[in-house]
Amino acid sequence: MNEILRVNLLSPIALAFVLGVITRVIRSEFTLPKEIYQGLSIYLLWSLGLHGGVELAHATFTEIARPAGVTLLIGCITPISAYLTLRYIGRFGEADSAGIAAHYGSVSAVTFIAASTFVKGMGAEPEGFMPTLLTLLESPGIHIALAIGAIRSGAKSRPTSELLHEVLTGRTMILLVGGLIVGFLIGDKNWKVIEPFYDTKGAIFRGALCIFMLEMGILAGSRLGDLKKVGPFLLAFGMIMPLIHGALGTWLGSLSGLSVGGATMLGSMAASASYIAAPPAVRMTLPDANPTYYLTLALAITFPFNVLVGIPIYFKLAQMAHGVG
Amino acid sequence: MNSTPLKMVVIVAEPVLESRLVTELRELGATGFSIVDGRGEGSRHAHASELPGSNVRIETIVPDDVAERIMEHVSAHYFTNWSFIAYVINVAVARGAKYT
Amino acid sequence: MNSTPLKMVVIVAEPVLESRLVTELRELGATGFSIVDGRGEGSRHAHASELPGSNVRIETIVPDDVAERIMEHVSAHYFTNWSFIAYVINVAVARGAKYT
Amino acid sequence: MNEILRVNLLSPIALAFVLGVITRVIRSEFTLPKEIYQGLSIYLLWSLGLHGGVELAHATFTEIARPAGVTLLIGCITPISAYLTLRYIGRFGEADSAGIAAHYGSVSAVTFIAASTFVKGMGAEPEGFMPTLLTLLESPGIHIALAIGAIRSGAKSRPTSELLHEVLTGRTMILLVGGLIVGFLIGDKNWKVIEPFYDTKGAIFRGALCIFMLEMGILAGSRLGDLKKVGPFLLAFGMIMPLIHGALGTWLGSLSGLSVGGATMLGSMAASASYIAAPPAVRMTLPDANPTYYLTLALAITFPFNVLVGIPIYFKLAQMAHGVG
Amino acid sequence: MNSTPLKMVVIVAEPVLESRLVTELRELGATGFSIVDGRGEGSRHAHASELPGSNVRIETIVPDDVAERIMEHVSAHYFTNWSFIAYVINVAVARGAKYT
Amino acid sequence: MNEILRVNLLSPIALAFVLGVITRVIRSEFTLPKEIYQGLSIYLLWSLGLHGGVELAHATFTEIARPAGVTLLIGCITPISAYLTLRYIGRFGEADSAGIAAHYGSVSAVTFIAASTFVKGMGAEPEGFMPTLLTLLESPGIHIALAIGAIRSGAKSRPTSELLHEVLTGRTMILLVGGLIVGFLIGDKNWKVIEPFYDTKGAIFRGALCIFMLEMGILAGSRLGDLKKVGPFLLAFGMIMPLIHGALGTWLGSLSGLSVGGATMLGSMAASASYIAAPPAVRMTLPDANPTYYLTLALAITFPFNVLVGIPIYFKLAQMAHGVG
């Protein structure tokens, strides 16, 4: 286990992230231009979708059916478990509980990428259709949590159609789902031509990921100051909730027939908290939920936790679930 | 030349509000608007943007009564929960008709 | 401190006009200008930019008579065919001499 | 033919474009940051120039002379044919007729790239000096059309020197002509070192092109609403004019000795409408021409038409002109 | 609705000054500020930025006395050596309390 | 020598730079979006750091000790030699002399990159730890020169702690030092995966460098107008000072045991003038120093001089110092 952790902590993306945090700690003003950061995330999501689509074309429905099922199940369980924990153990208000739950019910694509890079590095090649599962997990959790929040906080909830549209047409969905479809259609011959540029195991993708993680670290680092604002309960929540969701995801993934690599990734998805799709949706639907809470949790606590120590743990769990390692 | 005195309402708010605000301004009688992206800090600090502090600055030139309505609307709906400010400036425009 | 009342002419127009407008402002007596890129919508919708709605916001602080001249010039040359608005704001500057 | 069309429609760049259009149709707010879009177009044009310059160094004057001649001829014919059609069949005003003609008299670099990607995919390697022809076709058509417009609409035409300077020092010309010269001078040894990055047949170039096409689709999609504004005549014009110019270009290209691939590309150039160099030039010179007309035509009608169905048709015509296929 | 008359101090300066100015504005009593990046030209031409002409536009809405202090401060410290202008505009805000 | 010069002048980066200058000379409005320019410089510096760190892990302390020593020595000599020349031969004021000296006491990372590309092209592989020397040379010269300026001009010098922090946490230092550390830690296995993207000898790095140099040319070109403002003395200073510092650096480098390639690069560093780290530091510390002087010198005179003719000269000197060539 320690060995796995060491390997992970010395990976370029982990170190780049740490460097980004340090950059903020020493109060450097350095940061990536906003447009470059967005451009990189577009490239990463689009590659993920394309490559996933190409692989999806090689998968059979029966292979995917059960993993897809458990993924949707996780999309229904995690927002509720997060909500209940916050509302009844943490004694948070309706809005804050539901708002935070929406983040943990959804998924962080970058955590997904970090997980896939990690397991591939470990030689545990995951199923090719994992990006498809990623898209399945993106939105249900957000809607469930926000529905709870809207109902219970009796907030004059905005038309859910509007919310639905907002989430389904967001950057992540467009690039992932769109990429999946395009990748699915182009066929291997076309893929071969562009593969070196989009291959999620390739040097360009991973190189770009490092620079992206550097900025992620800077963004997380610039929220360190808010850590005291969130208080000890949320601090703990931000690390224990992922462990629980991660274990659940890994276990269900293994049951559904996913390989060690695949189960690890499903666990990482379940454990992750969305910080791209969820925040604006929550902000618009539950304006009285405190953004400092959910953004600090997702960006400055749970994301680093998963990338630095969580993923290796889920990997270990997956090995155990498979009776290996 | 003959110029018309009008009001310019300026709103500085979280980027996530842009499209909603623009729709509401039109509904309240604005014939147009200009937007620039910016950043800033105020009394409230957090808002729900990946990049802390980024905001949008929306300008709309309108007749006095529309300015009134806009200020009342935003005060009622946005001041409590949002990073949001709104102020009014007196301007003199050419082609007054364009703004009514 | 002693401050001088002046006029600030603000022009919001299609990006393609920037360099021409800047030259003309100088000719009309402006000693400087500030520009920010933005976007917007008005009564006319189309303009010749790859990215619909993008525009430039040009500010120039000038004495009253220069403001007059600028407003007359742009009204005469740009209002008919261009996505273009211009308005004037009263400002108080330090170092009045800088603007004449 | 159907097979060729199918192959083209399933190419990554065609699908990326369609995805971009759909993004707008479903009213998604997703779009590439303006600076990324510009950065990509700079990279694509610069690569085109460099690679073209390297190949130009291998060409002899006699090979190029006749194709260059017909290219300039096309640059003189197409603006006039477009102008006459619009003015006397379409009964449009002087300004609008000339303004639109300027776009069809010039060329769209992205259509050029799409065509070269297509023919290379078809195994019909075009001549290496095609980018040189692209630069020759860029500006004459604009000047001819605007001259007509200025004279006939009696508009107090702005100094043509100014217009000339504007067009000749625009982004496209700087990068294409500049790239051609640099590529011509560096020699093969230097080229080899940077080739994988700039190779217009390589994975990076084509990968970047996909992302660029996605945004092109978004830009085209955001003009769909204007389609009704332009009316049935311009709608038809936007697809029939390219066919005529495309056939002319393909035929003249074949006569001038170009290969099937080269003739297809010259046809595609002739058929294409500029949407980078022409719009600002027209806007400044003929301000009373309606931008909605020429921008919608170039971006939302002719560009997609050529990329999706035009190019394969010109390819077929080129094969016939060469008595093959 | 009841709106409060206040002053908006606008500073257009070299980007390198941003962080220092922001700190000083807070010290002088400003409760917030809005910034947009821009470009421009004035009487002085050079400044120490990789990209000639780029500047930042800092807006801060404050009570009259704070505006006074800010204008005096910047006149004293920045006018001699920097690409720098500052001007004051009258604005009417909702929620006057927010700015004091 | 002429041959070496010719080879250098026909290199893609030299030609791209010249093209950029020409772009301005013909008053084109073309320029790279600011964010793309920054993104490229971030990528280049980060690659430099990472690659340098990987190589550093292979170096022994004893190899580095003496070169590091002379590098620091150069960092102390060059600001003083520049200051004295300007103050007592050029008769410039305290502020201007110190301000300009700060630029020549520091180093231009792009000149460093150009030099490494050049020597590698010449087959004179430099030591792997050169980027480490680059980071050592970055800041001492700035502090020494500004200290002199602050003291002698009796300017109410701002807290040096503040200045120190500013320079040490600037973009260049974060990316170079951070990259060095990350590269040092990740190990060869991780490096291999991302090498094609970050390899400073690779196609992507060099390709990106060309585009960056194009913009550098544009920036330099837009300052050509200021050349007359700086007057004949500074014009000469901008070319003679580099020669002297370059010779000194090459000589000391050779003495310290650096190879021909390494000595050339140390010479190029010594000869170069910083235009990223130094300008803001000088601007804030010595506001009455005229920015037109130091920016025009660094960007429009010394940078082109080194890239076009300086580096080949230092290479020749290094060969002589090694008694070869």
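All chains are identified by letter, namely A, B, C, D, E and F, in their written order; residue positions are counted from 1 within each chain.
Throughout what follows, a residue touches a chain if its C-beta (ideal position, glycine included) is under 8 Å from a C-beta of that chain, and two chains touch if they have at least 3 such contacts.
Here the structure is a predicted model, which is why all the values come from computation and not from measurement.
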{"item": "Graph distance between subunit E and subunit F, where chains that touch are linked", "value": "1"}
{"item": "Partner chains shared by subunit A and subunit D (touch criterion as defined above)", "value": "F"}
{"item": "Neighbouring chains common to subunit B and subunit D, by label", "value": "A, C"}
{"item": "Furthest chain, CA centroid comparison against subunit B", "value": "F"}
{"item": "Type of subunit C:subunit E copy interface by residue overlap (half), same or different", "value": "different"}
{"item": "Distance-maximising chain from subunit A - centres being C-alpha averages", "value": "C"}
{"item": "Where subunit D and subunit F are represented by their mean Cα positions, the distance between them in whole Å", "value": "41"}
{"item": "Whole-Å gap separating subunit A and subunit C, where each centre is the average of the chain's CA atoms", "value": "47"}
{"item": "Multi-chain contact residues (two or more partners), subunit B", "value": "36-37, 89-90"}
{"item": "Per-residue overlap in subunit F, given as positions that touch at least 2 other chains", "value": "29, 33-36, 39, 204"}
{"item": "Those chain pairs that satisfy the touch definition", "value": "A-B, A-D, A-F, B-C, B-E, C-D, C-E, D-F, E-F"}
{"item": "Sites on subunit D touched by subunit F in the complex", "value": "33-36, 38-39, 42-43, 46, 50, 165, 169-171, 174-175, 178, 181-182, 185-187, 190, 193-198, 204"}
{"item": "Contacting residues of subunit C [partner subunit E, same complex]", "value": "1, 3, 6, 8, 22, 31-37, 61, 89-95, 98"}
{"item": "Subunit C contact footprint on subunit E (complex, rising order)", "value": "10, 12, 36-43, 55, 57, 68, 71-72, 74-75, 79, 85-90"}
{"item": "Subunit C - residues contacting subunit D, complex", "value": "14, 16, 20, 45-52, 54, 80-82"}
{"item": "Touching residues (chain side subunit D, partner subunit C) in the complex", "value": "34, 219, 222-223, 226, 275-276, 279-280, 282-284, 287-288, 290-292, 294-295"}
